[in-house]
Structures are given as structure tokens and as C-alpha cells.
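Multiple structures follow.
Two complexes are shown next, each including subunit A; its partner changes from subunit B in the first to subunit C in the second.
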Partner chain A sequence: MKSDSVLKNLVKKNWWISLIVLLALLIIFIPLPQSQNDAADRHFQVEASMFQFIPGRIQVNQGDRITLELISTDVVHGLSIDGYDFELIADPGQSQTATFIANKTGVFRFRCSIACGNMHPFMIGKLQVGPNWVLVRGIILGVLAVFAAFLSFRQSSHIQKSTVS
Partner chain B sequence: MVKKERIARVLVVLFVFIAVLIFVVGWLKNQNLNADSIQIHARMPENGGWSVTSINAETNQPIHLKLTSDDVVHGFAIGKTNHPAVDIFPGEFVETTLLFDKPGTYTFYCTRWCGVNHWRMRGTIDVRGEGPLVTNPPPAYLQLGIDIDTEHEAEVIPATDVSPQTGSLFADDLPSYVLDQETYFSNSPAKIWMRLRAEPTLSELSDQEVWDVVAWIWQKNTSPSMIETGQTLYAENCAACHGETGKGDGIMVRDLPKHDSDEHSTNDPHSESGMGGLIRPHDFTDANHVLGASPALFSGKIIRGGMGTGMPYWGPIFTEEQINALVSYIYTFAW
Partner chain C sequence: MNRVDLTRFPKTSALLRSRWPQFLLRAVTLAGFVFTILAGLFGSVVGSHNFAIIFVWIAWWSALKLFFIPFGGRSWCSICPIPMPGEWMQKGGLFSPSGKGFGLGKRWPKKLRGNWLQAGGFLLIGLFGAVTLTSARVTALILLFIIILAFVLSLVFERRSFCNYLCPIGGFTGLYAQAGPVEVRVKEKQVCAEHSEKTCYTACPWGQYPLALKSSADCGLCMECLRVCPSDNIAVNLRPWGSDLGPKSKQSLDEVFLGLVMLASVLVDSAVFLGPWGQLKTAAYEIGSLSWLGFAGLFLFVSFGVLPSLFSTAVWAATKLGSAKTTFRKTLMNYGQVLVPLGLMAWIAFTVSFAFVKFSYVLPVISDPFGWGWNLIGFTGKAQVGQSTPFSIWIQILLLCVGLFWASRVANQISETSKQAFPIITFSCLFSAGMLWLLIG
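Our next item is the complex of A and B:
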């Protein structure tokens, strides 16, 4: 009987822990309504030089038909996107164009697929399809963690005070 | 006991012999592999270009080449031959065998753009042997005495788009010299137009109709397959500077100043600005420039290069047919 009341007391005192855990799970796993944008045709010109893509970051919506034109400005470069079956190889003076549909959401790296010198492995860019929910969830989770830390600090000092008095 | 010792001794000698033999055989085999093959490393011209720039050979003696790249994608081909171009990828070896049946000096060159100095990646193969040397007659622009360095603005240009189909309707009325290939080769479209305009038999034709006739003459001297060849050659070798649309705005010359015919900045060595006085190539879509040039003039420019623009010389690389194909493709920008 006595141990039961102690447990109840503990739960009562630490109810906020379970609340925060619940909130954290909610933030991580809550399904978000997919934005239903009309698929648009989008054209991007990507210039490849040693050792960078310009622009190095492409942001599109899910379902967009993306036409990429790869222009090489010095040597033979390629462009392949991780997670998509897409590759372009362009010589200087012979720019190449291809189209694909961005049906997968998330952030994908695109990289040079043709060895182009010593810094070739670092020639990468970023394709972002749809809003970056992982980042948004991460930020909210971080705020929650700070809040939880603050709360636990207050709670412990409260307990200490009560034990001293 | 003695017998056993003898066996042991024989075995030791045998093993030592085998151990030495392995190295000798390996060395001999390696010798055979590398004996008649030349290993060439390709590097960007700024880092040394071809590691071998001159090869001596004899006629009907195959040359084995092992090619590799140390940095970017390069290619290997031999000018004025049918030898297929091979691509050289960094970290990979590619082998090719050359066979020459005529003595002479051949030029090998890089076929994939590897920077602004890509065209400097060239080397020579000296082929000696029996038989007449491969010699090239002096190019037409020298025989005709054309100065390829001067400006060649067209005296007249068509007001609207030309139609070779319309031009073909007047084919029967034309004087005989216009269908002569020599006339086509040594005259600019503007010159031919003026000559035809002066013909009394063609006085009923409008100015535009005479232009249609000139366009038809130019079409007669080319073929769809020639245009196609020219287009491929242009894309691979010229577009990086002259631009994919022929506007003279290719990615390699973006930072260079535009050609300015009024200032004649090319003649003044002190007015150099930026990249060693180099200027952008002319706009091929500008009829004023293109229709004032004869095919002989254009082929001269391709053969010799220069003209104060940093254009490479293609004489040792393109065959006459290839240059003619390129020239007929250049005109398609302006019509």
C-alpha cells in the first residue's frame, strides 16, 4: 500500500517527463498533409566547372517535371542525382538536357559523375524536393529538448529546496 | 643417412633455382609486354599535356599504345586519318594499335575538351618508309591569294529569309559559270549576288529572288550529309568558343571582349585588354560577316587559325572534306 503511494507520488511529480516524451514522439512521427501543388514544368541551367555546380542548390516541389540543362565550362563533367535514376554528361560546347519527375521527397545530393581532377569527389550539390520536414522536425525537437532541460533543472532545484526545508 | 642428405641438398638447390626462375620468367614476360607498346599519360595542358609528344614509326609496322589519363577525360585521335578516336578516362588504361601505310608526319591530338588550352594537346608521329610522302598541296586561300586577316563585311545582305526552292525555279536562266564549283569556292555570296544582279538576262528578277538563286547555288554545293558532318565537327571542336548557336559566345570565350570592327583593336598591340589581347570570335548569325566570306576564305581560317582571336589551327587535323563540311555548316547560321 505504501509502495503504491510512493509510485503514485513519483508519477505525479514527474508527469511532465511522460508529457515531453509523448510530445517528442508526436513531433517525430506525426504525418503531415502532403502539399497538393499542381505539378509544374521547371527548367534549370546548371553550370559545371572545376569543382562546383552553379547553382549548387535546387529546390522543387514534389511531382514537378524537372528539365536540367548541364553546361560544362572547362572539362567533361557529369551530373548524377543520388536516389534518382538520372545522369547527364556534358562536354564543353555540347550542353546536355534531360527531364525527370521529382516523385520522391527529401533532400538528395547530386554529384559529378565523371572524374574531373583532384577535388572531383567534393563536387556536389543539393536537390531538395518538397519542404525539408526533417529539418523542421529537428528544430522543433531541439526547442523541446531545451525546454525539457530547463524544466528538469527547475524541478530538481525545487526538490532540493523542499528537502532542505 | 647419406642418401637422405643428398636428397635434401638436391631439394635445396631445386628450390633456390625455382625461386630465381620465377623472377626471371616474370621479368622476361614483362619485357615482352612492354617491348612494342608505348605508354602515354594524358594530362591537362597546364600540367604537361601528353607525356609523349613525338613518336617515331615505320610504315606497315603496328604501334601499340597504352593510354591513360592523370586528371580529366581526354581523347586520342590522329588528324587526317580514319583511325577511330578513343576516349581516355582517368585511372583507366585504354589500348589502341596504329598502322600507317604511307610515310609522312601525322598529328595526334586530344578530342575531348580539357580546358581552355585543350587544343594545345597535340603531338606528332613521324612515319618513315618506302613510298611517296604524304604531302598536302598548299591550301586554296594561298593559291587564290586571299588575305584571311582582313575584314570581310558583305557588300549587300538579303532583306528577309532566303528560299533555295524559289531560287531553283530560275536555274535555267542562269549563266553557266554560277554552277562551276570554282566560282562557288572563291566567291562570297555577296559577290555572286552582285555579279548576278549585273547580268542583263536576270534583270526581271527582284533583289530577293537573286538572293534565292544565290542560296540555291550554296545548297547545290552541299548536301544534308555534309551539313550533318559539319554539325558534328562543329559541336565537338568549335562550339566551346564559337557558341552552340554560332553567336561567338561559347563558354571558353565568355570573359573576352567582343569583336569591335570600328576600333580595329586587333591591329594595335597596346590596346590589349584582359586575356593577352584576345577577342571573341565573330557572330556567325551575322549575315554581314558570313555572307561577305567565300568558302575558300573560311577554309583558310580553319586551316591556319589565328586572326588575333586565339583560334587554333586545324590544318593538320581536318581533311579537306571535313573542312568543306564545316564551311557549308557555317553558312547555315547566316541564311
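Our next item is the complex of A and C:
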């Protein structure tokens, strides 16, 4: 009898956990329809100086052909984009240009790739390709976390009560 | 309840009781500490090529947040080299107390007790963070200053006054150790009550009395009480995470303040070091300039203005929603606990974002610690730019969600009704959303 109720309690304890995990997996992995906009050719000029890129934020659509021109105003700087195989290096006063296709969506940091001074490791910009769905998913996941906290608290006080009585 | 007492197993018990393992580990950390100072002072001025920068700010600072605190609470403090020289003087021996110790043994002034100074120290490090983090010289000088200060203070004041009241790292680890899975407690209260000598209290470098320990914040896990207790009445427990938090415990006002300072610091650090705002970086770096004053003002405004007022508003609302008897102060001290899991997980998420990218620097600086062109283990010059991956981004999201879940759960547990928890949970959501946006937005 006793072990039976323990088991029941365990199941009771667990159903909400599986529910939350399932929902979390859904939120993380559910595929979203790709937005269908025509890929465009876009040109950006990025000015690098110690220790910033201007503009620090670039927003494009998925599939766009991006031509980046890196201009350095002081020392040698580089620009490499997380997740993309792309790098530019510009000598002082010079510029370098290259093109890539923004085929991955999300927010990617681009970093200076040539040591240019003390704050060099933190010389960062952001490239946003398409809408930032990861952020949206993250926010929904956060809401789920709060919901889970309520559930878990309900359950544990429930079980405490039922074991007391 | 759900505790595993490590002193019950002969092997772990012997390991904890013997002074040797700890002594050896501390010898290693002390040697590392001295080496770091030397590397910082005499090595390359290029931060990413200097052992001091990479080891202090990438390896150690990450290990503290990813390993020592989440899996061992204040475990770092048990092998920390900083108080060692002073302790040798106080004990009159390198290894075990000889009874011929040296030091004035004064009590730390009452007014300066609590975590206030530690919080201040942490803020100072933050205000000068961009320089400390990038200059090996400055890092070395700070370490040197800290160890000398700890030494001098231990000659004047009793026990580990430096650790208890000044060390910013101690404030950080102590605060979050409350969520950690290790604790030192007494086995049988009765045994202690009947033991009039209180050998453990006399032996404790931290000035704690194990019988009275309710929170792990001030226990440095040094195991001295375990070693001296004649009745083998000290337990070293593994426990569920967050055991110190709940309806029965509360934070002192200084702990609440410390908790808020930590939240402010992790927000500002994320903005400065991971954000795309170049001017903010320059401002943080150019100490003394007008823009730096602006940065300092912003930092202090977030720490003393924005977060405290948001949190007070939430607490005020919770007080209104509570029973008539509660006061603002009581509610504040209760809900201060929510800041512990919230801050801990945010710092861990920040660390993942900040340090994972830079881990490729670690082996190269072991290979060439001074940046003099040595190649000890064949990794010199192998550092990469580093990048964050979708995997690490998801880890950060999940960590922040765990923090939010945990904070909301604690808020629920200490609230009279779920309605009362609502304002505090809203505060936690706002903070987490801010972190989320800074880290992956």
C-alpha cells in the first residue's frame, strides 16, 4: 500500500515535469516558416577604430548578398563574423571589401580579429540576419520557467499536505 | 533530510580531516598566485599574451563561477592563497597551529562589519574593470595589494577579518554559497550544547560557531572545526542546491545590498564587454576622463538607483499584499533571498558568453606565460579569435531560464500567497529579460 502511494506521488510529481520539458522542447525546436522576401544586394561600410565598429549593429534579411567594406581609421583592424567563414582586414586608412551571402539567421557577433590594443578582445559588433527568433524563443522559455515555478511549488506543497494527512 | 554526510565514509573523512591535501592544494595556489604576479609585472604588456590576464580573468574567474561555487559553495576559500601568509603568523606555524602565534588579535570594528565593504570593493573593481581586465600590470598590482593588505590586517585583527569583511571575492562567493550544495553543520545539537569548551569556535579562522550556523555564507569550508572536535560532531554535508533559501531564512540588509550590487555588476559588465557599444567601452577604459566619469555615474546609478528602486518597489508591493503584520524591512530581508539564485545564474550565463570564446587563449599562455616567445608545450601563437556558437547561446538562455525558475520558486516558497510573490517575480523577469537581451539580443 505504502509503496503504491509513493509511486503515485512520484507520478504526480513527474507529470508536470514532463509537461514542462515537452513544452520547452517545442519552444526550442518548433520550426518557423521562413519569411519569403527577395534577396537583395546590400552594401555596408563599417568604420573600425579603437575599439569600435561604426555601425555597431547591422540588420539584413536572410539570403541577402552582403558586401562589407571595412575601413580603418587608426591601426590595423580585422572583422570576422561568428558562425560565418568571413574575415576582412584593413590597414590604417585603407579599406578592404568582400561579399558573402547571409544564409544563416540569427544574431551574430562580429569581432576585431587583429590585436589592436588593450580593449581589442571586446571590440564587438552585431549582425542580425532576419528576425531574432532565438531571442523570442528565449523570452517564451522564460515565461514557461515562471509558470513551471508556480507548478512545482503547487505540487510540492500538495504532496507535503497529502503526506501529512 | 536529503543530506549526505561526507564524514561518514572513511575515505572522504580521512581526506577532509588530514591537513595534507588542503595544504598541498594551497601550496599550489600560492605558487600560482606568486607566479601570476610575476608574470603580470614582468611579462608582455599585450593582455592576451600574458599569463596573468588569461589566468585570473579567463581561467580562474570562470572556474570560480562555473565550478567552485555551483558545486562547492565557498570551496575556493578553503584553498585560497590570499590569507595564507597571515594565517601562518597567526597560527605560528606553516601547517598546524603551534600556539605561539603572532598578531594583535583585535576585533574588527563593529561599524565595518557585514558585507558593505565587500560590496564596495566589488563595485570598485567594476568601475576600473576595463583596465584591470586588460592590463597585466594592473592585475598584478591589485593581487599584490590584496595579499599584502590581507597579511597586514591579519597582524592587527583577529582571524580572517580580511576575508570576512573586505575581500570582494569573499563577498561574491559567500553570497552565492548559500545556493551551493555543500555545508558544514553539527551532527547532534545536544552534544555541542553540553560541550562547554567550544573547541571548534576557538579554532575557526572565520569566527563561526558551528552550532549556530544557519547559512553557509560565512563558512569558508576550511575544515578546522572538523579536525578539532573531540566528539566527532561535525558533518560536512552534500545537500540539495539552494538549501539555505526558504521561508525560514532571511538575508541581512547588507546581503540584500550585496545581491543588488552583483546584479548591477553583471548587467554593466555584459553591456561593456559583450555589447556593440564602442563608446561605452572607451568610456570604461579611459579612467579619469570625462567619459569615464559618465560611465562611473551610469554604473553607480544602476547599482544605487535603478536596481534598488525597482527592487524596493517590488518589495513594497509585496508588503502591501502580505498580512498586516509584515513590515517593509522584514519583507525586504525575506525576499532578498531571491537575489541569490537570480544573480548566480546570471553570472554563470555571463561567464559562458564571456569566457568560452576566450578559452583558446589558455593553452597558449601556459606555453608562453610571459609573452617572451617561449614555447613550453607547443601552443604558442595558437590562440584563435574565438566565436560564440548557437550551442553556447542556447546554454546561456537555459541558464537564465533556470535562474528565473529558481528565483520564482524561492519567491513562491517564502510568500504567504502566490499573489504576494507576483511583484518579486516581475522584478526577476525584468532583470532576466535585460540579461537575455544583453547576452543574445
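Just so it is clear, the second predicted complex is superposed on the first by the 117 of 165 C-alpha atoms of A that agree within 3 Å, B and C clash if a C-alpha of one lies under 4 Å from a C-alpha of the other, contacts with A are read in each partner's own complex, and residues count from 1 in each chain.
Operating definition for what follows: a contact is a pair of C-beta atoms (placed from the backbone, for glycine too) under 8 Å apart; a residue touches a chain by one contact, two chains touch by 3 or more.
What you are looking at is a predicted structure, and each value in this text was computed from that prediction instead of being measured.
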Simultaneous placement of subunit C and subunit B on subunit A, clash or fit: fit
Between subunit B (first) and subunit C (second), which, if any, makes contact with A:Ile71: first, second, both or neither? first
Touching A:Leu79 in the superposition: subunit B (first), subunit C (second), both, neither? neither
Using the superposition on chain A described above, determine whether A:Ala102 touches subunit B (first), subunit C (second), both, or neither. neither
Touching A:Ser152, do we find subunit B (first), subunit C (second), both, or neither? second
Can A:Ala115 be said to touch subunit B (first), subunit C (second), both, or neither? both
Look at A:Val46 in the shared chain and tell me whether it touches subunit B only, subunit C only, both, or neither; answer first, second, both or neither. neither
Between subunit B and subunit C, whom does A:Val129 touch in the aligned arrangement: first, second, both, or neither? neither
Under the stated touch criterion, name the partner, subunit B or subunit C, that contacts more residues in subunit A. C
Scan A:Gly93 for contacts with subunit B and subunit C and give back first, second, both or neither. first
Quick check: superposed on A, how many Å separate the nearest Cα atoms of subunit B and subunit C? 6
Residue by residue on subunit A, keep only those touching subunit B in one complex and subunit C in the other, then list them. 115, 118
In the complex, subunit B touches subunit A at residues 44, 71-73, 89-91, 112-116, 118, 235-236, 238-241, 244, 250-252
For a test of understanding, state which residues of subunit A touch subunit B in their complex under the given definition. 71-76, 91-95, 114-118
Where on subunit C is subunit A touching in the complex? 46-48, 130-131, 134-135, 272-279, 281-282, 285, 358, 385-390, 393-394, 397-398, 400-402, 404-409, 411-413, 418, 425, 429, 432-433, 436-437, 440-441
In their shared complex, subunit C is touched by residues of subunit A numbered 28, 49-54, 56-57, 78, 80, 82-83, 106-107, 109, 111, 113, 115, 118-126, 132, 134-135, 137-139, 141-142, 144-146, 148-150, 152-153
